[in-house]
Amino acid sequence: MEYQQILDTIKAESLIRSNTGKVASYIPQLAKIDPEKFGMHLYCINSGHYGFGDENERFSIQSISKVFSLTLAMSLLDNELFERVDVEPSGDPFNSLIQLEYENGIPRNPFINAGALVIADVLVSSLKNPKQELLDFTHKITGDTTIDINPNVFDSEKKHSYRNASLLNLMKSFGNIKNDIETVLDLYVYQCSIEMSCKELATAFMIYANSGKQLTDDTQIISARKIKRINAIMQTCGFYDEAGEFSFRVGLPGKSGVGGGIAAIHPGQYAVTAWSPKLNPKGNSELGMYALERLTTLTGFSIF
Amino acid sequence: MEYQQILDTIKAESLIRSNTGKVASYIPQLAKIDPEKFGMHLYCINSGHYGFGDENERFSIQSISKVFSLTLAMSLLDNELFERVDVEPSGDPFNSLIQLEYENGIPRNPFINAGALVIADVLVSSLKNPKQELLDFTHKITGDTTIDINPNVFDSEKKHSYRNASLLNLMKSFGNIKNDIETVLDLYVYQCSIEMSCKELATAFMIYANSGKQLTDDTQIISARKIKRINAIMQTCGFYDEAGEFSFRVGLPGKSGVGGGIAAIHPGQYAVTAWSPKLNPKGNSELGMYALERLTTLTGFSIF
Amino acid sequence: MEYQQILDTIKAESLIRSNTGKVASYIPQLAKIDPEKFGMHLYCINSGHYGFGDENERFSIQSISKVFSLTLAMSLLDNELFERVDVEPSGDPFNSLIQLEYENGIPRNPFINAGALVIADVLVSSLKNPKQELLDFTHKITGDTTIDINPNVFDSEKKHSYRNASLLNLMKSFGNIKNDIETVLDLYVYQCSIEMSCKELATAFMIYANSGKQLTDDTQIISARKIKRINAIMQTCGFYDEAGEFSFRVGLPGKSGVGGGIAAIHPGQYAVTAWSPKLNPKGNSELGMYALERLTTLTGFSIF
Amino acid sequence: MEYQQILDTIKAESLIRSNTGKVASYIPQLAKIDPEKFGMHLYCINSGHYGFGDENERFSIQSISKVFSLTLAMSLLDNELFERVDVEPSGDPFNSLIQLEYENGIPRNPFINAGALVIADVLVSSLKNPKQELLDFTHKITGDTTIDINPNVFDSEKKHSYRNASLLNLMKSFGNIKNDIETVLDLYVYQCSIEMSCKELATAFMIYANSGKQLTDDTQIISARKIKRINAIMQTCGFYDEAGEFSFRVGLPGKSGVGGGIAAIHPGQYAVTAWSPKLNPKGNSELGMYALERLTTLTGFSIF
């Protein structure tokens, strides 16, 4: 298949498309981004790298980091992890307290904020230096040790984390947070402020397309069985209140972030990422959703 | 792969497994079923039929019929269908009125009762004889014209349909039901009372595994693009409040019914069904879930 | 106290007040009313009748009828009535299905629609001719046998009662409606379409101000103990989602209707009614609320 | 009326009554209380003091303190206070986050925890030394300067305040908390740990029965108009999710606390308090509710 041709088509279509999305503005650091940034990168198991646009510019990965923290936690723990966080789609906005209250402090899944905070709590309990080890994990799966957080984004999010502090306190009242709230919140904000490019993210996501192994040297980062489960969670819960829509239109497991990034995979085939900062009303990159929908339409195959 | 051997293993494991599920009892006709019934059938694109147990005994397909009615409605209408029903997982029990009220009478997806009632309303609007045409559809995709409803189940459900009448009236108050409530309810109860065996259901579900085509003669029943979308909805919404769990443990698109049946598919590979009447607390067949989980574990591959 | 002077002041103030309320429009018959209608009537135990404006023109009493049907039901039954309907304020709009679903079909109180429908069901079970006997009750407590329903309002509401049919079906699924849904709905719509004037309503409400006795001839219509309980329910639940606001600003037990009427009482002192069809966003008469607030402010005394 | 005789009857009846309530146990300090404690005190405008049992033993007033903090806040601010907290009953448990989330961080009323935390925030903004000034307020309205907090209860509650910290963070995310979360929480826990006896509480509540004036020397503590409004809030919101039940059975404005205390008033007549630590499932003193119901039944008059 002529992947570069397909990507060029997507780029051309995207340039003439109207985009009514809005850049995330809840923290000043995210609001400052150039809204016209747009990049895409496709990394195929059989045929390597394709891309266009701002594919090499780093952006704030935000919630996409939840996939990495979940992977790290699942590599440390087995099923006991899922006694503290469920794997069901939420049906409510990503930072909702409502289901959490009805369901006794057990978050619906690891990709809503509450669930990611429980995962952060697990990492604080299990790792000596959780911030560094999480960053190291991104270095290992990308082969790039220059990946780092944006300290301005980190500081800015720390100052606007009342909603997450509320979730943490609520879960602590139910006994589902074991560590100090401040420490857990610190790790969570840290992971959200990591910056990566489309190309780096696609490289990182190859382990999810390749049964848990790095493509470069066949290192098994995490078992194939666990990768399948992470992919299943991405499929049903990766896009906030729009997971069904993404599954319906795109048909791939993936995860989005409010920085405008989306990473998705076709198991056994490829990892793909897109970045455009303007978000649709559900909080997902409007152009990124479109680009991925066009990819599976033009290639004619999705996981379904 | 030695499919029959794998199925025999699943059967043997299942026989020694404790099963705390309960047979659905909201209508007497369902409560009367022998709780020890157990059958499974696998229909592979490349290698044909495998099965065991009560695979040839017909049972009440109940909510599995929602896949057929959705398929019929999607073959008649295009995207306008999804202005009246969404494709997001629900996060609430299958017959909940709550999200419906918050979301102005637009059901979350076509597989919760409210959504299936909207689909039934669409069929009433679009077809001359909707009951017969829906039954004909099952005849066409199975090649078996003896498939029929169970009139006792039909009568029994008609007498216990206050909750569905409540949903219909609520949606009608929002303008999302166009026809007479009694007529729509009648069609919905009719489709739920269809009886099929595991083997017949697996044969019917082959069109979802085979890009919309019948395996026997390559007839395109519905377009490949629409089949992908139906599969995506099965993946995210097919198991009531346990869709994530099924995706996590089994990793296939599928649909369950309170009669104890489950049908699932691996696109490009096979359709598979299991039947055991004892339901877990979420309303899905306990042993059926287990059997399908074992299938993807023992074969070592799911869509993820 | 110079009651007529106080009423004249309220009238004068009201005429120069801007009123952003909207006439109820969910049925055509209510939408047709002249929005500038305004009347008020005060009936004091010690000093008789005062009033102004359209105090003698009949209007659709709508939900105010729920006080009469509750009174009739409480005169027939004792505490067992409150096993089927609670006495707590609702915190949700008057026709919400949500709390009903969470609370197993037991309505929050007799003044939300669900609760009034349970009361109607009780009357259908207990009375030979519930429609006539309810109308007779209004004749008895007013001394006016010409009070009747408006048949156009009745027909119009019957055609727009999907939401109430939804509530009835939902409660029937929980076993909390004993009679045929159609019959119960018919009685409920009937009671809502009764027409009375401000003066007639104030006369009727005198039994709530006068410990259950008619002022004219001391007939005990219902026990003083039960009247206290009805008054308590009016205080906490009489104004939909604005009961607290009415209590806070006016400080009297009362009941409003979407026809723009409000009836309230000061136990041991007076009954008072106001009518102005323009409703505030919570569904209560905007000018009626104001008029009653001014009454307790200018007289300087409320029940608190 | 022979008030002491009525109180003696209530005492005698209470002693032979079974009590299935449970002492609050969420903090060890409250769990340690002798569950058999029982006292009642009635303070009449015209005839002075009556009482029995443990009426002079101090207990943790807990949420009853919310009446004092609201009174202090209303004496400092006027209607602008009610832009930050509503006056509607809640329909949800006292510490629920749900309505708060749906209603953009504006608590339903000042007596649910969220509302009392907003009031505490107001006091932190308005007073130089809010803890001392709140304690001084209890000294002024009782004439007893020995009233103080229980430091063990204070410390114990501080360690178990995750739920309140969650509420504060959630409201801060909506901009409805202006001060440092720790400071506001500190004041709130402080006020809850104040200890008073039945007699002291009844004396304090006399200002609510006496139009805002102290009975001893006619000092106007707060305007009659504001007192009426506080009484209205007590009537509709004073008993968590059981305000309607209390209004229905007792018919007086009042406020309860998880320490087992209840304070209520009959405007123009009396203030009355009861204390028994065993709580019913809604969190109100079971015997206290009974005692007050008997009081209004035996005296034959409530505000209704």
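Per-chain numbering from 1; labels A, B, C and D assigned in written order.
Assume a contact is a pair of C-beta atoms (placed from the backbone, for glycine too) under 8 Å apart; a residue touches a chain by one contact, two chains touch by 3 or more.
What you see is a predicted model; the values in this text were computed from it and never measured.
Chains that touch both subunit B and subunit C are absent from this assembly.
Compared with subunit A, the chain whose C-alpha mean position is the greatest distance off is C.
The mean-CA centres of subunit A and subunit C are about 54 angstrom from one another, to the nearest whole unit. Distance between subunit C and subunit D, defined via averaged C-alpha coordinates, is recorded as 31 Å.
The geometric centre of subunit A is 48 Å away from that of subunit D, both derived from CA atoms. Counting partner chains per residue, subunit B has no residue touching two or more of them.
Pairwise, the chains that touch each other are A-B, A-D, B-C, C-D. Subunit C contributes residues 86-92, 99, 108-109, 225, 227-229, 231-233, 235-237, 241-245, 247-248, 251, 253, 267, 302-304 to its touches with subunit D in the complex.
Residues of subunit B touching subunit C in their complex: 96-98, 101, 162-163, 165-170, 172-173.
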